[in-house]
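Once you scroll down, you'll see the structures, which are given as structure tokens.
Two complexes come next, and they have one chain in common, chain A, joined by chain B in the first and chain C in the second.
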Partner chain A sequence: MSRQDATIPFRGDVEIRLRADASSRAPALVFFSTALVWLLFGSIEGTLASLKLHMPELLTSAGWLTFGRVRTAHLNAVNYGWASLASIGVALWIIPRLVHTELRWPRVATAGAVVWNVGLVIGIALILAGRNDGLEWLEMDRYLADPFLVVGGGMAGVTLLATLLARQAGHLYVTVWYTIAAFLWFPVIFVIGNWPTWTGVESAAVNWFYAHNALGLWFTPMGVGAAYYFIPKVLGRPVYSYQLSILGFWTLAFFYALNGMHHLIGGPIPTWMITTSVVASVLMVIPVLAVAVNHHMTMVGRFGALRYSPTLRFVVLGAIAYTAVSLQGSFTSLREVNRVTHFTHWTVAHAHVGVYAFVTMVLFGSMYYIVPRLVRREWPSARLIQWHFWLVLAGIALYIIPLTIAGGFQGLAMLDPAVPFQRSVEVTLWALVSRSVAGVLLTAGHAVFAYHFWLMVRRRGPTREVPPFHEPVPVVYERPEAHA
Partner chain B sequence: MLPSSLAVVLTGLGLGVGALAVFAWSWRRGLFDDIPAQADLVFDERDRRLERPWETAEQKAERRRRYGELIAPEPGEWGGAA
Partner chain C sequence: MSRTWLLLLGAAATVGFAAIVLVGIPQVMLVRIAAPPELAAYTDLEARGRAVYIANGCVYCHSQQLRDPAFTTDVELGWGGRATVPADYAYDRPHLLGTMRTGPDLINVGERLPSESWHLIHLYNPRALVPWSIMPSFPYLFEEREPGDVRPGDVVVPVQTPYAPAGRVVVATQDARALVAYLLSLRRTYPVPAADTGAARGMSRMP
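So, the complex of A and B:
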């Protein structure tokens, strides 16, 4: 093949990528913008809820400021507002790139973001007004709010499926498996979880089936899929073992759905179900170690890249947290451990390792990479990125470590009949204060990020003669040996 | 005791068996063939030729040998400000 011939397909590669980015620009930006609004709102609500646990007289005059409503609004705002919307935004940007075509029906996806947000506003307003469905992670009104999420999410999912069906790439990268699977799993568990006929024990079982799978079959595949994209992409080297990545995905698909029942250890459901769930939870070690080994070995010899790439810094931190939270989850599912940690702040810390240290960190890193390619500007300030990183890192460390330790002491105190119950509360007080400090730091970090994002969408980033990442001068490519 | 948890049992089994079915279908369709090409899907050619400041001289030489002369990254190339 002549040099000229060899040039053509590689130029095409870059142009396909540029067209894919352009097609997902509007929906991705709408998803990201609204996600950040919910992140700020959820952070304030979370910090307020935390303060109330050691300052119980704080803001008790109005019903909508009481702990039960504020904490629930926080949970729904960060999970369905921030993490879900940002994850969908990342998916809308990554999938067209990986299947080598443009996003199909981008306006439908954008409209989906609007519909989803309408549902969130209704659901969280009702929660603050004192009306919720009374099930953990499923508090939003199943008739007035949830249908909007089903329709809005479905609209985004349909565009992704249509894009997948129109793919030009001959193969499917592992990120595509994770992302598309998440869009197929989530509607199933969300509808099952919200089905109105469950009562009594069955309602509790379905509740934890949903709540655990929301993390494992929605946020986890989104986060792991994004990490599998950005780590090799920034480093410029393929994942250490692609076979291992496939193994990780399929073992997650086979085992995860059965995990949730370990939340009901000691509860009135069949013992065999809980035992099955404990076994499935321990089996999760397989996909987790597959991902951990793969990410680590891909990074080996390139850890210096963390100094240069904020994206990599956030994503690698998130990937480490994924390993930590998953192994912690397998450990906590064991009956002997669970009898101590159940009903304690340990579980709250564990949830934040998952949704924050893992998923949110990966989403931050992803957005640092994606947004400049959407708005065609560079991030205006390296200093703001540094502030964001260190504020959220300090915040989440101050959150997780004290609360995990205090949760252990709390559980041991509750199990000791000689210890008054009041003592089990007192041993956690220092950690509750630490959590409030953490909440302030995290909220400050989010405000920095939201301000920086605002500068980006207002096009305040450095202007250049040509948009960044668009190859300002023609490059003559040579066919690499690997493709010969 | 089964009826009290039927929804969870059936849905859990459905998701697991469904995954197994998709896996088998994908295998037959050849979606796991040519693993190296799948691993490379994440890159376009420009990615391979970008000069990465954190790489050692040996790593850069290897990249140059495999993909040709390296091109300079643009500011903010790695996902952040310059």
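So, the complex of A and C:
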């Protein structure tokens, strides 16, 4: 075979990738840019909310500054702003790559980003102004804000479905299953959750059916799907087991959707509903271990690559956090554990292991891989990547570990009738302060990343020949004669 | 897997199954639970207070549910005489069961703390009454006026120094009065409603 022949399929492969990357360039960059704006806004609101829990007289003069609204603005900004928009951006890039064709109707996807953002601005402004629907995770106005999210997300979803139907690849990789299923699941649960007729305890059941599935059927499949793509991609090594990935996907789809009632353990809803969710929560061990084996066994023996690939560093950290948070979730759903941890900061910390240490870390890693391929240049600064990584790692550790421990003590204090309620507040104070320090570190890390992203898309900063951490290092050889 | 239709149908089936089990079937069961005769519907003022409660995010620190004594010590803690049941929430839309107890449970706060002026002072500045409290102050639910500027019908809040503004009096806004009216309406002191005992037998107990 001549050299020419050998390179033809290779060249074709590269061309498909270049065309796919170019097709998703505009929408993915719009989703990423707006996601980062919401990340910064949400980080500031979150840090302010944290400070207020140990400095209750801080900024109390106006309603839009009160804890209950700031905290809610934080939750909506980071979940529907940052994590959702960034996940959609990743999906818009990854699906064309995996099905070997261009993104169809990219302008529809770009317009979808605009529509989604309009809904967010309306929803969060109304929350701060004192108008919300009163349901956790569903605070944004169901008539004035939420329809924008359904339409905007639908516009991105339709472009992905059209791309999928026009696919050139015969086989659908596991990431495609997770991503496409997430786009189908989200509007279903979001509409059910926002339906205005639920009353009394049924309102509570639907609330947690939605809120848990927002994690389980929207963020988790997006994050797990991205990790399934990037770990083998960066390592250049196939995923550990195809059979396990099928088992993991379908058991996740079946069990996760039934998990929500574990947020109401002991509460005034039918016990069989809670038991169903506890059982499903424990059964989540199956998909979690399937995914864990696949992610971690693909990684085993290649940990040295973490030094050279920021993508791998963030994504592997996220994959480890996914295993940890899921097992913690199954454990917490057990009634004997839940009677201590329910109503405490343990749950707040758990939520941040999920949405931050897992989802957000995977999204950071994904963006480190994708953005250079969208703007056709390397990240300008290795140092900014290091700062970003260590700031957010220190920040999230300082958030999760103290708050989990303090939440346990808080729960034990609250269970003991001989102990006054005051004690359950006092045992958490040190962790609430630590969480505020964490908030500052995380916000700083996000500012570094947003600045670096801005340098990228504005084409500022030094131009690199090779990616950061791949600089050739001069090696000094000893001449063999010297030994002689 | 290589079939798109299998993926889409399978994904729709799993979420559809969960929606039937956790939303559809309970809806059919729970819709028949009537409000107990002892439980009054919210008055206009209480409903407005409930809206103030929602607008300011009280639910993020205060639950409104008591779990079964066989399972936890919610009743022993003095938060109410019994575990709450579905009928207790017949008028609640949306529900405010809550998931945090950064502050105490409130489902019987109207029984436990029945004083309007206690609540008004506490909302103006919780530390005026509870020194260790980490609850925010809500000065924007009050007006600070010159002593000569108080009109008939105004509710003057007896805030003590050092928490009172120097030389001025604190007057509750309609929002503050509505919120307190709502808090005082929170009491589930009647016995478990008969309509709820049969269905509720399996509802609030551990299996």
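Methods note: the second predicted complex is superposed on the first by the 453 of 484 C-alpha atoms of A that agree within 3 Å, B and C clash if a C-alpha of one lies under 4 Å from a C-alpha of the other, contacts with A are read in each partner's own complex, and residues count from 1 in each chain.
By definition in this document, a contact is a pair of C-beta atoms (placed from the backbone, for glycine too) under 8 Å apart; a residue touches a chain by one contact, two chains touch by 3 or more.
As the structure is a computational prediction, the values presented were derived from the model and not from experiment.
Model built by superposing both complexes on chain A: chain B and chain C clash. By the document's definition of touching, neither partner reaches A:Y80: not chain B, not chain C.
In the superposition on chain A, A:Q243 makes contact with chain B only, while chain C stays out of contact range. By the touch criterion stated above, A:F343 is placed in contact with chain C alone, chain B being left untouched.
Applying the stated contact rule after C-alpha superposition, one finds that A:W379 touches chain B and leaves chain C untouched. In the overlay built on the shared chain, the residue A:W116 is in contact with neither chain B nor chain C.
When the shared chain is aligned, no partner comes close enough to touch A:F409: not chain B, not chain C. Residue contacts after overlaying the shared chain place A:G134 against chain C, while chain B stays out of touching range.
In the superposition on chain A, A:T72 makes contact with chain C only, not with chain B. Of the two partner chains, neither chain B nor chain C is touched by A:F190.
Chain A uses residues 170-172, 185, 188-189, 192, 198, 200-202, 205-206, 209, 217, 246, 250, 253-254, 257-258, 260-261, 269-270, 273 to touch chain B in one structure and chain C in the other. Residue ranges of chain A in contact with chain B, taken from their complex: 10, 13-14, 16-17, 98, 169-175, 185, 188-189, 192, 195, 198, 200-202, 205-206, 209, 217, 229-230, 232-236, 238-239, 242-243, 246, 250, 253-255, 257-258, 260-261, 269-270, 273, 301-302, 304-305, 307-312, 365, 368-369, 372, 378-382, 384-385, 462, 468-469, 471-472, 475, 477-478, 480-482. The part of chain A that touches chain C in the complex is made up of residues 52-54, 56-57, 60-63, 66-69, 71-72, 130-136, 164-165, 170-172, 176-177, 180-181, 184-185, 188-189, 192, 198-207, 209, 213, 217, 246, 250, 253-254, 257-258, 260-261, 263-264, 266-273, 275-277, 335, 339, 342-345, 347-348, 414-417, 421-422, 424-426, 429, 432. Residues 1-2, 4-9, 11-12, 15-16, 19-20, 22-23, 31-32, 34-50, 52-56, 59, 63, 66-68, 71, 74-82 of chain B are the ones that touch chain A when the two sit in their complex.
Chain contact summary for the complex, chain C toward chain A: residues 1-4, 7-8, 10-12, 14-19, 21-23, 26-27, 29-31, 33, 54-61, 63, 65, 67-68, 71-73, 76-78, 83-86, 88-102, 104, 126-127, 132-140, 199, 202-207.
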